[in-house]
Amino acid sequence: MNLFRDALAWLLDPAQHTGAGRIAARVLEHLGYTLLALAVAALVAIPLGYLIGHTGRGRQLAVALSGAARALPSLGLLTVLTLAVGIGDAWLAATVVLVVLGIPSVLAGAYAGLEAIDRDVIDAARATGMTEWQVLARVEAPLGLPLLVGGLRSAALQIVATAVLASYVGLGGLGIYIQRGIALRSYDEMLGGALLIVALAVVVDAVLAAAARVARTIAAPARQPAVHTAD
Amino acid sequence: MIELRGVSKRFGGGTDAVLDLDLVIPAHQVTVLVGSSGSGKTTVLRMINRMVEPTAGTVLIDGDDVAALDPVRLRRRIGYVMQSSGLLPHRRVLDNVATVLRLNGMGRRDAQARALETMDTVGLDRAMADRYPHQLSGGQQQRVGVARALAADPNILLMDEPFGAVDPIVRTDLQDELLRIQNQLAKTIVLVTHDIDEAFRVGDRVVILREGGRIAQQGTPAQIMAAPADQFVADFVGVTRGRRSLQVRVQDGRRIVVDAEGRPAGVLEEEPTA
Amino acid sequence: MSWIGANLELIADLAVRHALLCVVPILAGLALALPLGTLAWRVRPLRAAILTVVGLAYTIPSLALFVLLPPLLGISFLSEANVVIAMSIYAVALMTRSVTEGLASVDPSVRQAAVALGYSPWRRFWAVDLPLAGPVLLAGLRVVAVSTVSLVTVGVLVGIRSLGYLFMDGLQRGIPEEIVAGIAATVLIALLFDLALVLVGRVLLPWTRRPSRRAARLRLTARGAA
C-alpha cells in the first residue's frame, strides 16, 4: 500500500497544482474532449434515434451498425485516424473516435425510449388530434426521456474512459499522467493519474445518474405505487 | 374428499382474503368456486396444494392435514391448470405433458409414452407433440395444460379460471371436453371461475363466494337457481336481471321460453320419461 | 499491403495471444456472475448493493484499472494476469446485471405453474428459471465477448502484447497498414467469438427461433468502456 501513499503524496504535491500541466487544467482538457464528443454524438444520434423510434423503421440497421461499432477497437481507430489527418490535427481524430463510440448508446437510448411507450398512449394522442410533431414533442419525447438519459449516461462513461487514450496522440487529458508515469517508471504519478481518472468517471456517472432521476420524474410525475389485489 | 376447516388467509397488506371458511368438497365431482374478484376464490384453491399457506385453520385431503405433507410431493399428486396455460415455453408439448411424470422419477421413454396417451384423452392430435407452446393456438395450449395436469393420473384436479383466456366458442368446446373427460375419469375437480354460466355448465356443485371468501350459498345449480339464498345470490346468478327469470309463451302452437324482456331463449320440451 | 504480407507470422502470433487472453474473462464472467446475479435477484435487500458495486466497477476506465490492479494484487504490470483479471471484472460486472434481468424476465405465471407442478426450488432454478433467462444471458455474453476482444488491445499501453501492439507500433513507425491489419484482426476475432456464442445458443436454446425484442434491446443498451 506504500505505492498508494506515494500516489496520494503526488496528488497533494503543490507541483501538480501550478503551471500549464496542473491537474485542474488536465481535468478541464479531459472534460472538454468529453463534452464536445458527447454533444456531437447527441446532435447526430438523438434525431436519428427519434426518427427510428417514431417511424419504427431502420431498427435492424441501427442494431447491426451499433454491434459492429462495438467490435472496433478505439485505440486502433484513434491511431489510424491520427496518421490519416496528421499529428497536428490529432484532436479531430480523437473527437471522431469519441463520437463514433458515443453514438450507438445515445441512438439506442433515443429509439428504445420511444419504443417502450405504451402504443395506446400514442394512438390516443393521435386520436385527440395531435400532429406527428406534437406527438413526438409532447408525448414521445418526455415519456422516452429516462431511457434517452440512460443512453447518454453510458455514452458519457465510455467517452470519459476512452478520452484517456488521447494523450497517446499528444493531446493531454488525464491519460498523460499514466503515459508519463509508465515511461518514466514513476509509480506515484501513474497511480495518482489512475485515481484521478477513476474519480472523474465516478463523478460524471453520478451527475448523469442524478439527471436520470430528474428525467424519470418528468416522464412520470408523482407516480403512485401500483395497488395489487389478491383474488 | 377435500375439507377446509376454519381456514383464514390474511395477506401482508392486512386484508382478509379468506376468513374462517368451512367447506367440504366431495370426491369424484366437479365443485366450482365462483365469485367476483376479491372473493378469495383463487386463494382458497391455492391453499389446497399449499401454493398459499393459510394463516389459520386446516386443509384436509382424505383426512390428512396437508400442512403435515411435503408441499413439493403434495403438488406432484394434484393436477393444476391455470388461466394462462403456464406451459414451460422452452419445452416441447410432449415434454410439457410429461413434466410431472418425470418429476416423479419415471424414465423418459415411459413418461413420453404415457404423455402421448394423455394427449389422446384430452383430444390433442399427436402431431402436436413436437411443437413448442408458442406454436399452438390458445385453445390448444389450454388442452396441453389439462393434459399436463392429468398425465400423472392425480385424484384431484385444481383449475384456476382454466378457460378464461380463450374466446367464447373455444371456451364452450373446452367445457364440453372437460365434461366428457370427467365422465370417463371421475376426478375430484375444483374449478375457480368468475363466470356464473360456466359454473352452472360444468359444476356438479357450485359454491358462490362473496367478499372475504365467505360462502353466500352452495348446492347444485338447480338448487341455487330454484332458491337463491339472498339478494346477493339472486343478483349474482341473474334471476333479478331477468336473464334467468324465464317465462313460457305459446307461439304458433309451440311453447317457447322468453326472458323478462320478451326475447326468446329457447323452446320448451317435455323431459323424456326415462 | 506489403507490410501485411511481410508480417503475417507476427499478426497470427498476436491474434492467437489476443484470443487466448479473452477466453478466461468471458467464461469467468458467466461463472461468477451466475451466483452473484442470482443472489441479487433472490435477496431483495442485497440487490441494490450488488448492482451498485458492479455498476461502480464498470465505471473504472480500463487503462486506470490496468494501472491500479498490480499494486493491489501484488502482481507485475506486465503479467498477463493483469489484463485477464481486469477484463474478468468488467465481464462479471456486465453479466451480473444480465443474470438479474434475465431471471426477472421469466414470466411469473410460468414460474407459478412450475411450483404448482411440484418442482422443488433448486430443480426449478435449473430446469425452468435458468433456461428461460437464457436468451438474455446469451445477449449479455455476446456483448461481453465483443467488448472484451476490443478492450484487450488497450493492454499494450502497459506493455501486454496483443493485437494492440500493432496500433502503437504502427503509430510510432507511421505504417497505417499495420494499424488497419490490427483493427481487422481484432474485429475478426470478435466476430468469431460472437458466431461461436450464437451457435452455442442455437444448440442450448432451441425454442428461441430469433432473439426476443427484450434481449435485442439489452444487447444494444449494454455498455462497453474503453
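The chains carry the letters A, B and C, assigned in the order they are written, with residues numbered from 1 in each.
Rule of thumb we're sticking to: contacts are C-beta pairs under 8 Å (C-beta built on N, C-alpha and C of every residue); 3 or more make two chains touch, one makes a residue touch a chain.
What you see is a predicted model, and the numbers here were worked out from it, not measured in a lab.
K.L.:
Spell out the chains that contact chain A while also contacting chain B.
P.N.:
The common neighbours are C.
K.L.:
Decide which interface, A-C or B-C, involves more C-beta pairs in contact, and give its chain pair.
P.N.:
The greater number of contacts lies at A-C.
K.L.:
From the centre of chain A, which chain's CA centre is farthest?
P.N.:
B
K.L.:
Whose C-alpha centre lies nearest the centre of all protein C-alpha atoms?
P.N.:
Chain C is the most central one.
K.L.:
Rounded to a whole Å, what is the gap between the Cα centroids of chain A and chain B?
P.N.:
55
K.L.:
With chain centres taken as the means of their Cα atoms, state the distance from chain B to chain C in Å.
P.N.:
A distance of 48 Å separates the two centres.
K.L.:
Between chain A and chain C, what is the separation of their C-alpha centroids in Å?
P.N.:
Result: the chain centres lie 20 Å from each other.
K.L.:
For chain A, what residues touch not just one other chain but two or more?
P.N.:
Not one residue in chain A touches at least two other chains.
K.L.:
Looking at the complex, which residues from chain A come into contact with chain C?
P.N.:
Chain A reaches chain C through residues 1, 3-4, 63, 66-68, 70-80, 82-84, 101, 104-105, 108-109, 112, 115, 147, 150-151, 154, 157-158, 160-162, 164-165, 168-169, 175, 178-179, 181-182, 187, 190-191, 193-195, 197-198, 201-202, 205.
K.L.:
Show me the residue ranges of chain C that touch chain B in the complex, using the header's touch definition.
P.N.:
107, 109-110, 112-120, 123, 128, 131-132, 134, 205, 207
K.L.:
Show me the residue ranges of chain B that touch chain C in the complex, using the header's touch definition.
P.N.:
49, 51, 72-77, 80, 82-91, 99-100, 103, 132, 134, 148, 158
K.L.:
Can you tell me which positions in chain C touch chain A when the two form their complex?
P.N.:
56, 58-65, 67-68, 71, 77, 143, 146-147, 149-151, 153-154, 156-159, 163-164, 166-168, 170-171, 174, 176, 179-180, 182-183, 186-187, 190-191, 194, 216-217, 219-221, 223-226
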